[in-house]
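Each structure below appears as structure tokens.
In the two complexes that follow, chain A is the common piece, with chain B as its partner first and chain C second.
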Partner chain A sequence: MNPMDLLPEKIEHLVHELSVLPFNDMEGTVAGAAVLTNYTFWGIVALVTTILIFTVVARREARRIALAAETGSAAELAPRSRFTSMIEAGVEFIRDMAIDVIGPKDGPKYTAFLGTFFFMILVSNFYGLIPGGKTFAGSIGGTVALALISLLVFVWVGFAKNGFIGYFKSLIPSGVREMSLAGRLALGTYIFVLEFISTFIVRPLTLAVRLFANMYAGHIILGVFAAFTALFWPVLEEGLSWSIGSITVGAVSLVFLVLMYAFEVFVAFIQAYVFTILTAVYIQSSVHASEH
Partner chain B sequence: MEALVPGLTAIGKGLAYGLAAIGPGVGIGIVGGKALEAMARQPEMAGRVQTTMFIAIAFTEALALLGFVLTFLL
Partner chain C sequence: MFIEFAYAAEQAAEHGEEAAEGLAGTLGAVYPNPADIWPTWVAFLILFFVLYKFAFPMIVGMLDKRAAAIKESLEKAEDTRVEAERLLEEYKKQVAEARAEAGKIVDQGRKVAESMKEEIIAKANEESTQIVAKAREAVEAEKKAALAELQASIADVSVAVAGKLLGETLSAEDHAKLIDRYIAEVGSLNDN
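And then the complex of A and B:
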């Protein structure tokens, strides 16, 4: 049998595997029903893992700081294990990013919030790279939920810092606010509508779609290379004809599979980073709204 | 006529994403190249250039993603 004949079937299977399915019954559909889906399950697993890691590390850090205060030696402050050191470096990375983007005064306040986003998405994306695992960022529902939380927070910060009216006023640039009445009415209304759409619709939409598209497309690419390897490598599927040419294709797709996997590890990190930094930028624009 | 619909839809899907990827592809190339240039000129600014670069890339990429979504909507 020609391996290419089996390819559409494999691709269909791949797309089915990546769609949202009930966790206990992989064949069914979830049209509007509130059931535990495979993505929800892996989202909960990622959440529990993140909470566990940070609880353990925070306890260790607290114990160490207490010990350092007791003995009075600064050497006790250094992390003891590589794991604790790694998590500490990650938290410092987020704190420095928050200070860099939001500002030295307001930045540290949002470190916990941004860190939650970053590590939650990162851990989930790494779960998605384990065969059989899923990242909740691979379903549009999961990323929309994250983007809505981001939207709520930056709008809330805008209201808290500038007042309800003040935040909406700040959507219009200060140059327009100093114009004559006719200018304010005409240009102000136009810019307000434009800015309103861009802030409340385009921002969360692009946040959600960016994360979803990157993870989904990445998994599709990995799946396609895996399917090619399975079809053209003669040992893996029974009853397929093979030749030197097909073995070459199989070997090349196996090499590409490994390379793309490495690239996906990088993408998992970069997408978590991009989501976090964009949330930080949006919070920054809310904190300093009156200056724009 | 009816028989043409699935094929034309498939072509449309391919075109929607393919065309949507041209602009952002060029854009991200320019952003990355300029950032590299800036980092080579002033290595001490590399951290801040990188941060700004990621933000710029994210905004440029959004256009390609709209095309990606359109592909699924078609």
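And then the complex of A and C:
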């Protein structure tokens, strides 16, 4: 049998695998939100893992801080476990990001909020890289949910810091506000509409689509290379015809699969980072809205 | 191949439609499914609660406490270093002073010894001259005494001899003259 004959079937299987399905063929409707989907199942696994990691690390830190206070020895505060140091580095990374982007005064308040985005996406993305696993960010529903939280918070911060009217006013640049009445009406309205769409629609939409598309596309690419490797490697699928050419294609696909896998590990980090830093930037623009 | 891909995608869409009944048709992959939205919200809230209330304050607290401890240790180390340098300088100065003092003491001792040596030598010289002078005086006195004794005994002997030779014929006046002449002769011997 020619390997190419099996390709459509494989691709179809891949796309089917990546669509939102009831987990383990459970009964009930998916759209009606009554059942656990394959994405939410892995989201829950990632959530439990993240909570476990942070609970263990935080309890360890608490014990060490108490011990240091008890013995009065600062040596107890020295890093000891590599794993704890890694988590500390992650937390410090988020805190520095919050301080750098939002500012030293308001930044630290948002550390836990930004950290929730970052670690939730990051841990989940790693589960997505395990064969058979999924990241909730591979479903547009998951990323839309996160983007709406981001929107809710940066708009709420904007209202809290500038007042309801003040926040909307801040969408119009101060230069326009100093123009004549006709100018304000014409240019002001135009810019207000643009800024309104940009802030309330484009921001959450791009957040959601960027994260989803990156994860989904990454998994499709990995799946395609995996399918090619399986099809052109006669050892893996019985009953397939093979030649030197097909083995070469299989070998090249395997090399690309490994390279793309490494790249997807990088993407898992980058996308978690991008989502988090953009949320931080949006919060910053809300905090300092009246200064523009 | 591209046709096959297109065919595969078409088939996949159909398959997805069949599998996920109620989904928004061929939009399956890009339609936000409520079954994924609300669990994500719940998950976010749970994780946010855990991180905000417990994990982040602890970890950030640890980072801050550690940073403070490191800063304190470094400052303490700096203070200790400055103090050590100051002490070293002080000790160096003390050692230099002590060395100078010791040199001075040795110099003084040498000077004292030198002067003592000279004094002793001078004294010894003086004493030796004195001893020689005394000895010379003693010898001189002895010589004088011996000469006087010799004069007396020679006079006596001469008188006795002359008396014997001349008998009692010599007057008292001649006797005296004879003695004086003799004395003068003997005295001239002494001058030679």
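Some points to look at:
Definition applied: the second predicted complex is superposed on the first by the 285 of 292 C-alpha atoms of A that agree within 3 Å, B and C clash if a C-alpha of one lies under 4 Å from a C-alpha of the other, contacts with A are read in each partner's own complex, and residues count from 1 in each chain.
We take it that a residue touches a chain if its C-beta (ideal position, glycine included) is under 8 Å from a C-beta of that chain, and two chains touch if they have at least 3 such contacts.
No experiment lies behind these values; they were computed from the predicted model shown.
By the touch criterion stated above, A:Ile51 is placed in contact with chain C alone, chain B being left untouched. Of the two partner chains placed around the shared chain by superposition, neither chain B nor chain C is touched by A:Asp106.
In the superposition on chain A, A:Leu21 makes contact with chain C only, while chain B stays out of contact range.
Contacts of A:Ala62 after superposition on the shared chain: chain C is touched, whereas chain B is not. Between chain B and chain C, C touches the greater number of residues of chain A. Contact with chain C, but none with chain B, is seen for A:Thr37 once the two complexes are overlaid on the shared chain. When both complexes are overlaid on chain A, the residue A:Glu195 reaches neither chain B nor chain C.
On chain A, the surface touched by chain B in one complex and the surface touched by chain C in the other have no residue in common.
Against chain B, the residues of chain A that register as touching in their complex are 97, 100-101, 202, 206, 209-210, 213, 217, 270, 273-274, 277-278, 281. Only residues 1, 4-5, 7-9, 11-13, 15-16, 19-24, 28-41, 43-44, 46-48, 50-52, 54-56, 58-63, 65-66, 69, 72-73 of chain C touch chain A when the two sit together in their complex. Those residues of chain B that touch chain A in the shared complex are 47-48, 51, 54-55, 57-58, 61-62, 65-66, 68-69.
Contacts from chain A toward chain C in the complex involve residues 4, 7-12, 14-16, 18-22, 29-37, 39-40, 43-44, 47, 50-51, 54-55, 57-59, 61-62, 64-65, 68, 74, 77-79, 87-88, 91-92, 95, 108, 111-113, 115-116, 119-120, 136, 139-142, 144-146, 149, 208, 212, 216.
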